[in-house]
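Input: structures, listed below.
You will see two complexes here that share subunit A, one where it goes with subunit B and one where it goes with subunit C.
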Partner chain A sequence: MKIAQQSGDIAIELAKRQREIGVAEFFSRNRHLLGFDNKKKAILTTVKEAIDNSLDACEEADVLPELIVEIIEMGPDRYRVVIEDNGPGIVKEQIPNIFAKLLYGSKFHTFKMSRGQQGIGISASVMYGQLTTGRPARITSKIGSKKTAQYVELILDTQKNAPKIMKEEEIEWAKDHGTRVEIDLEATYTKGPQSVDEYLKQTAITNPHATIIYTNPKAEQIIFPRATDVLPAKPQAIKPHPAGVELGVLINMLQWSDSRTLQAFLTNEFSRVGGDTAKKICENARLLPTSRPKEMSREQAESLMNGIKATKLINPPTDCVSPIGAEALEKGLRKEVNAEFYSSVSRPPSVYRGNPFIIEAAIAYGGQQPGDTVASVLRFANRVPLLYQQGACAVSKSIIKTNWKPYGLSQSQGAIPVGPITILVHIASVWVPFTSESKEAIAHYPEIIKEIRLALQDCGRKLSMYINKKRRIATEGKKRSYIETYIPHVADALIELVELQKSDDAKIRELLAEILEKHRGKLEDIEFDPEANEEFDEEMSKIGKEQETEDGEELNDDD
Partner chain B sequence: MTTTDQSKVVLKDIKDIASGVYKTILARQPPKVDMPLRALSNVKYDPKEGFFELLDQKKERTLTASTIKTFAQTLRMMSLSKELIKTNDIATKREAYYVSKNWGEARFNEQPESDAVMDDIEAMLMVNREQMGFIPEEKGGDVAGKLVVIDKDPDTGKEIKIDCTKMGTGAYSVPSSVEDLKFETNAEFILAIETAGMYQRLVKHAYWKKANCILISLGGVPTRACRRFIRKLSDEKKIPTYCFTDGDPYGWLNIYRTLKVGSGNAAHINKYFCVPNAKFFGITAQDIVQYKLPSHPLKDVDIKRVKDGMKNDPFVQHHKEWQKALNDLCAMKKRAEQQALAAHGLNFVISDYLPEKLSNPKSWLP
Partner chain C sequence: MKIAQQSGDIAIELAKRQREIGVAEFFSRNRHLLGFDNKKKAILTTVKEAIDNSLDACEEADVLPELIVEIIEMGPDRYRVVIEDNGPGIVKEQIPNIFAKLLYGSKFHTFKMSRGQQGIGISASVMYGQLTTGRPARITSKIGSKKTAQYVELILDTQKNAPKIMKEEEIEWAKDHGTRVEIDLEATYTKGPQSVDEYLKQTAITNPHATIIYTNPKAEQIIFPRATDVLPAKPQAIKPHPAGVELGVLINMLQWSDSRTLQAFLTNEFSRVGGDTAKKICENARLLPTSRPKEMSREQAESLMNGIKATKLINPPTDCVSPIGAEALEKGLRKEVNAEFYSSVSRPPSVYRGNPFIIEAAIAYGGQQPGDTVASVLRFANRVPLLYQQGACAVSKSIIKTNWKPYGLSQSQGAIPVGPITILVHIASVWVPFTSESKEAIAHYPEIIKEIRLALQDCGRKLSMYINKKRRIATEGKKRSYIETYIPHVADALIELVELQKSDDAKIRELLAEILEKHRGKLEDIEFDPEANEEFDEEMSKIGKEQETEDGEELNDDD
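And now, the complex of A and B:
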């Protein structure tokens, strides 16, 4: 009895502590899910999230992006990250929610290709900054030349997942329009392959329409100038395709729908569903097309899911994905790698789980690249460089599953090939499936892996043609020099036989050399010429290849 | 035509070919030399002519990776030949090979390579290597019996007579060049013998006296000089030649066939270097049965040789008798050596075998 009394007390005691865990609180404790595992990665994630937003905003507003990135050392392990863009700016009312509320954003609900997608990134950075330094984030934004700029100091209330404004004022700002974000955070700045420097460089490769002016903590300024004045084709927003919808999302959509019948719901809320298809889905789901969406139960929603699965659907439209293009991709790679051979491909659109996507790949072979190291891999998703979690990424899996031996590279079972090669893969999609919220690795969807492999094989075939040609020329060169070895002997013997003058020797040799050239064709010169690649930017290429200068905690923490 | 006249022709031919090559170069065309392909696949057998005659398949040497080296070597070798003829000198095949060691990358690595290039030039010019100033090292064969060879003293040029009946248990050795030899004989036939052992037995017991013949030891496949010696002797003195070898495919196809019609490799000179009137005495397949000769089983190489002969040798293809003989041998799966006759007594070959063969031309093969 006493024991029961006691356990009852404990339950009451426990109940006092049991309460809802705020989403922000959850993430603040699981910061690794958002890319804040360590101090080195924190600075990169912060820059990345801000840049994603800036580039998306500029493109949305048809503005050629011009970004200013500054990292200032404030003290031991303390840095200030400043990102300024020339985008359309943010209206006063929205600033707090965008920068200090997790899962708030314009991109999650539209099916449209963009860099950010969940509405977590920048708010998570603000939260990380305030947790490690106690300082609020400082936002300046201006939406037009005739307006004054809005200046706000913000923190995120982690319990409520809501912004808290610390200071707010209108100020003069010389810019016509744009947004400036300043976040102080605990971090470590390093150089090397997973540094901010490398990240910005790779961003410049896949975003040739952007200018980035970067000042690092050593006060070195690096400018990545715009390579083209043409903005990428603006991606179109599409409605979700039924094949990609999950039950929870479907229930939500049913709840919020304005449609009065199930048939109308299906045709209004999804792409590629017309009246006939909607009826077919209802039939397969054993539901009346006239059911009211708002009144549907969980079980009915599940039947609807099954009905969708059982119905043959037209693939989603693919014009909503905007690729970089094979040519621009190769141009970017030429900037970064001085190689002897380049090849690139932009695959036709394909679909995974109802989401359209496009795979693009480019390779650079030989030249100044070392031949005895593992291929270097550059991964991009919607033009954003992926620097971490290479091993877990679908790109790596596809590279491993591709047989590179026929293309003249050596490759061990289940490994990235070894050789003088750089492999670049870009996935563009309305919804890039990352393995986690920190958006570092692409999930292993079979359709995606297959498309990447096809793209790599396409590049590989061109590479093997080049390597074969190179081999042929080498063999021909060898044969020719072998033949040339005996030309003096032919000349000597002829002088003796025909009783010519010793001085005729040079003439005979010259004639024989000429005949040889004429009859075997001109030997094509494909020797690597380091000066031939005019795109190559040696200074830029060095960025990110330095040894880590500071005490980086882990050089390759996950690879 | 005397040797000197022939040499002048060779000299002119060499110069003509070289001038042709030179003119081609001046015309900015790839220079080349053509020469007959020396192989069984490029010969035909006409029993009226009596020897393997070259067909017209050619091989070409020019500015390609696979032929440039031999092209240069061919020209170099022609140049060496020209030099030898002009200075009235000779070089053995081995010496020619060593001369090539001065040719840098164009030198020969092994003597068979230089021999082959020499044979190619022979074939190209349709002469024999002695006319080009090259001589072989090998002996021509041993001779004993009713024959006087008239040669010249190399020193004085005076004629000397060599009586082959007066060699005791030794022998007269066929020189490497036989063109200028003359003969005196009243022998009834020439007996060409494969093995030195059998030859020794016949000499020891002066078989030539008993049978009034000339004995010649071939010592395996007969050399060119030996073939030429027998041919000259047989033609000039109108005496028949009988060939006596082991009863196996090597004795028949390599030794006898080369003696009679020449070889594929030397097809360009077969006309002079074979003995078309030669007949085969034995050992035949029939002999093995008839004389109950001790035998050995046929080896794999023997069977392969028979198959090759049936398939590729125009001589075998022409003579049904030889096809039958080869088939019989294969059916018996046996081969027998000349010396196997000793099973019936050491001198059985002299007392019985050879007399019986002589008296029974039906037992010979063509």
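And now, the complex of A and C:
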């Protein structure tokens, strides 16, 4: 052993075992990183990836999306997931890479809001499907009405992270253009929260321009018809903003840049950096604007970072983010949640760490929603529903930090309010910040929490106006009916007290009713206190009881 | 637009945007998948990866590990992490790939217990360090006492997922052999749970053969000396077991196999499948043993899966798993946790989904541990501490499901018990199953939970024997002191009652003490009931009070 250590034999031996690990191999072993270690999540992730692609493609092509989703039970714990869209279709050459190559896509490198952010995509579902069932994925695609459709059966070669085509042919397809994906996989189908049914319903809310036709494993068909014919504005790709750039990324950018001077580098590579701002940054960084980016050292890059931090910058452009819009959001919510009152708001754009974002919120109150349960919370990021990790999410934190009592709900300390209400929050951003542990809980950036709370308060205020008005009307109605119930008694009492004629009974009641009418205007302006209502009840019933007692005594006296 | 759709222009345009995404690019954007989206976790992950490598290397080389760990504060939120070991060192050619290439390593492809399971490794820390500070990692390595040491400064090229050497030279180094890693990174250093300090202390418990010398940012040096000179047994690589293989993996294995027949394939590729078992599997699968693996269809592979499931198989070999051992585990716990009683157990090997695993547990009771707080729970997987996600872990579930009251602790329904106790659970396995959402919570396989509970009950029983004995001794001591306190009074009472001489007082006390001695043996055998103790107290004090009252009255009578 000692000799081995001296000569380094062990190190040499160990070195022989070192090898590259393929990306697909890595992810097939570490499936939990992609959401596939859990059979219930597997079906959800597959539906999500396919729908994201379909909606994105339709919007790129300015087509109002019509999605067909089918989940078919193939056996115990085995399902076929089918998703078909009317989008632009996929050219023949790209089909294999898009569906059967991990880390291949179009959205990763552009700096704009998009549904898929991670860059894994549908290939992970194809891989998971073949690992658990051995069956290839089946893709049908047509790019124009004058073309035939491509039909491809393929699997992902996990050793090479490359597609392997098992079958391909041209077929006739009735659709003008679109894509159809079929994947068989080992999965669990359930209803309830965190189910495909719930996912599609929520997707329908934040994509009111899309029609979704869904057939579940029980062969029940559920249609989510579109509520608007207006396509959302397309987000525009922008350059990164200097406030958000990390030192190591900056060093890389300097290395790769074609700009000959630091001044040009700053104005070319970043958004919202004009000539003056670039000069100021260089001054604050104590660097010459004529420095050559490729020749800058690490220390100089660090000085540049500090120069950027010390310079006042204009916020990044926000057309890279496309909100749903308050009106469309409310339409979406109206069609999926049965309530008596709706309110929605779309906040102006804001920034966290150089990344533009927009918060939108909506609420649905009353109707068939149960009043004694905790509020239903719907969370979305870039129009995509987040079904997991609600407790850890910045949305939950913002809801809890908001005081809902002035808005007519009850709420314990540090808890989600209780009442017949659905609260919806949507964050649209170039880069949605998720927490370390999860891809479904939004990280607690103070800028984001602040915006969510402002949006919630906006909706809450409108809610409380509605609730107060409703209460006033109810209270008035109650008071009126009290008064109407008691007018006869009051009339009788008056008659006795002031020794009026019983024949005047009718007149007195009329008079009292008149007085009521006169005061009705005033009643509308009074904010009735529910507790005052109770006091009123008590007084009335006391009067009633005294009445009874007196009657009783009188009766007794007769005994 | 319509023309574009007909001719497929949009699809063609979209196709141009499709690109490959580099692995390193992907992970630098999705840092949360690696534990680097959080500055506190960043430092912990870096320390963990480096220590895993050092311990693994020392054990491969049969060297008792001596690790030097330094965390140096370089500025606000910036730390230098240094880890040096006395292992076999790394050959010059391998240094760049091991430290600056993601998905490169030696443990991923072998089927045996190992600390690092994911295959990411130290390269992620190097990448994170350079992204946040711009500084390269600095590696020093020496493979034999007759060699010079290699010194390398390198970064990870994120576009290519390849190392880029900034500097390299040969230097003199006093050590005979070993590796030293220095990484600067943006991080947060804290004390308390989920801190580096806690991580190292727990690592010292489950690696009692290692000495760790730790200098924290306050320049305090903490030494964890080894408690044993015995190296753990080396786990042996085994072939996969048929019970654990997935359909897609089986299909791949059939494709890649060199075996000419199905019979040979089964006996060659799997562990514990001999000729007879292979024949039975083929029978149950309704396949000819002479079938050619490469020519088998998907349906045939599925039949083979079913055949495997229908055949009784011997459990896999367990030398792929190397437990710590009850004795070593207790030694480790003793040196790090101050208590009055320790107990440990190492269960026999078991299997979940074809993967061998061993559960070990230990407890430390009493001493300086506070008695009114919830039990301290330490969890380990393959000797590595798990600091996060305790609530979701199978270990917690097993502790909660176990009834600790018979063992002398208090415990609410569905909760961890309360008491001055540390509970340690270690799972050693070829493949430790983590939950979907986390790499630190063990998945709730019934086989695993059962084994953990059996281990806990074993320790619990020993604990209750200790506690009962302790209680008995205390109670006896108490009773004895009662008796000794009251012997004088009893003596006096006897003297009065039977009109003995006061001069006999001494004799009587002697007699009573003798009687006490005679009965002492019997007292040891009686399980004293604490409540009986209280009754005894009450009686004695009553007698005392009566005495006082009489005395008082007597005094009063004298007034």
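Everything that follows uses one rule, which is that the second predicted complex is superposed on the first by the 403 of 559 C-alpha atoms of A that agree within 3 Å, B and C clash if a C-alpha of one lies under 4 Å from a C-alpha of the other, contacts with A are read in each partner's own complex, and residues count from 1 in each chain.
Going forward, contacts are C-beta pairs under 8 Å (C-beta built on N, C-alpha and C of every residue); 3 or more make two chains touch, one makes a residue touch a chain.
Keep in mind that what you see is a predicted model, and the values were worked out from it rather than measured.
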{"item": "Partner chain(s) touched by A:L497 [first = subunit B, second = subunit C, both, neither]", "value": "first"}
{"item": "Partner chain in contact with A:A174 - subunit B first, subunit C second, else both or neither", "value": "neither"}
{"item": "Touching partner for A:D62 - first (subunit B), second (subunit C), both, neither", "value": "second"}
{"item": "Contacts of A:E246 with subunit B and subunit C, given as first, second, both or neither", "value": "second"}
{"item": "First, second, both or neither for A:A15, with subunit B first and subunit C second", "value": "second"}
{"item": "If touched residues of subunit A are counted for subunit B and for subunit C, the larger one", "value": "C"}
{"item": "Partner chain in contact with A:K146 - subunit B first, subunit C second, else both or neither", "value": "second"}
{"item": "Which of subunit B and subunit C A:K479 touches, first, second, both or neither", "value": "first"}
{"item": "Touching partner for A:I515 - first (subunit B), second (subunit C), both, neither", "value": "first"}
{"item": "Common interface positions of subunit A, toward subunit B and toward subunit C", "value": "none"}
{"item": "Contact set on subunit B toward subunit A in their complex", "value": "14-15, 18-19, 21-22, 25-26, 28-31, 63-65, 68-69, 71-73, 75-76, 78-79, 82-83, 103-106"}
{"item": "Interfacial residue positions of subunit A with respect to subunit B in the complex", "value": "479, 482-483, 485-486, 489-490, 492-494, 496-498, 500, 508, 511-512, 514-516, 518-519"}
{"item": "Residues of subunit C touching subunit A in the complex", "value": "1, 4-8, 10-12, 14-15, 17-23, 25-26, 29-30, 32-33, 35, 37-38, 41, 57, 60-63, 88-91, 93-94, 97-98, 101, 103-106, 108-110, 118-119, 130-135, 143-147, 158-159, 176-177, 246-249, 251-252, 298, 301-302, 388-389, 434-439, 443"}
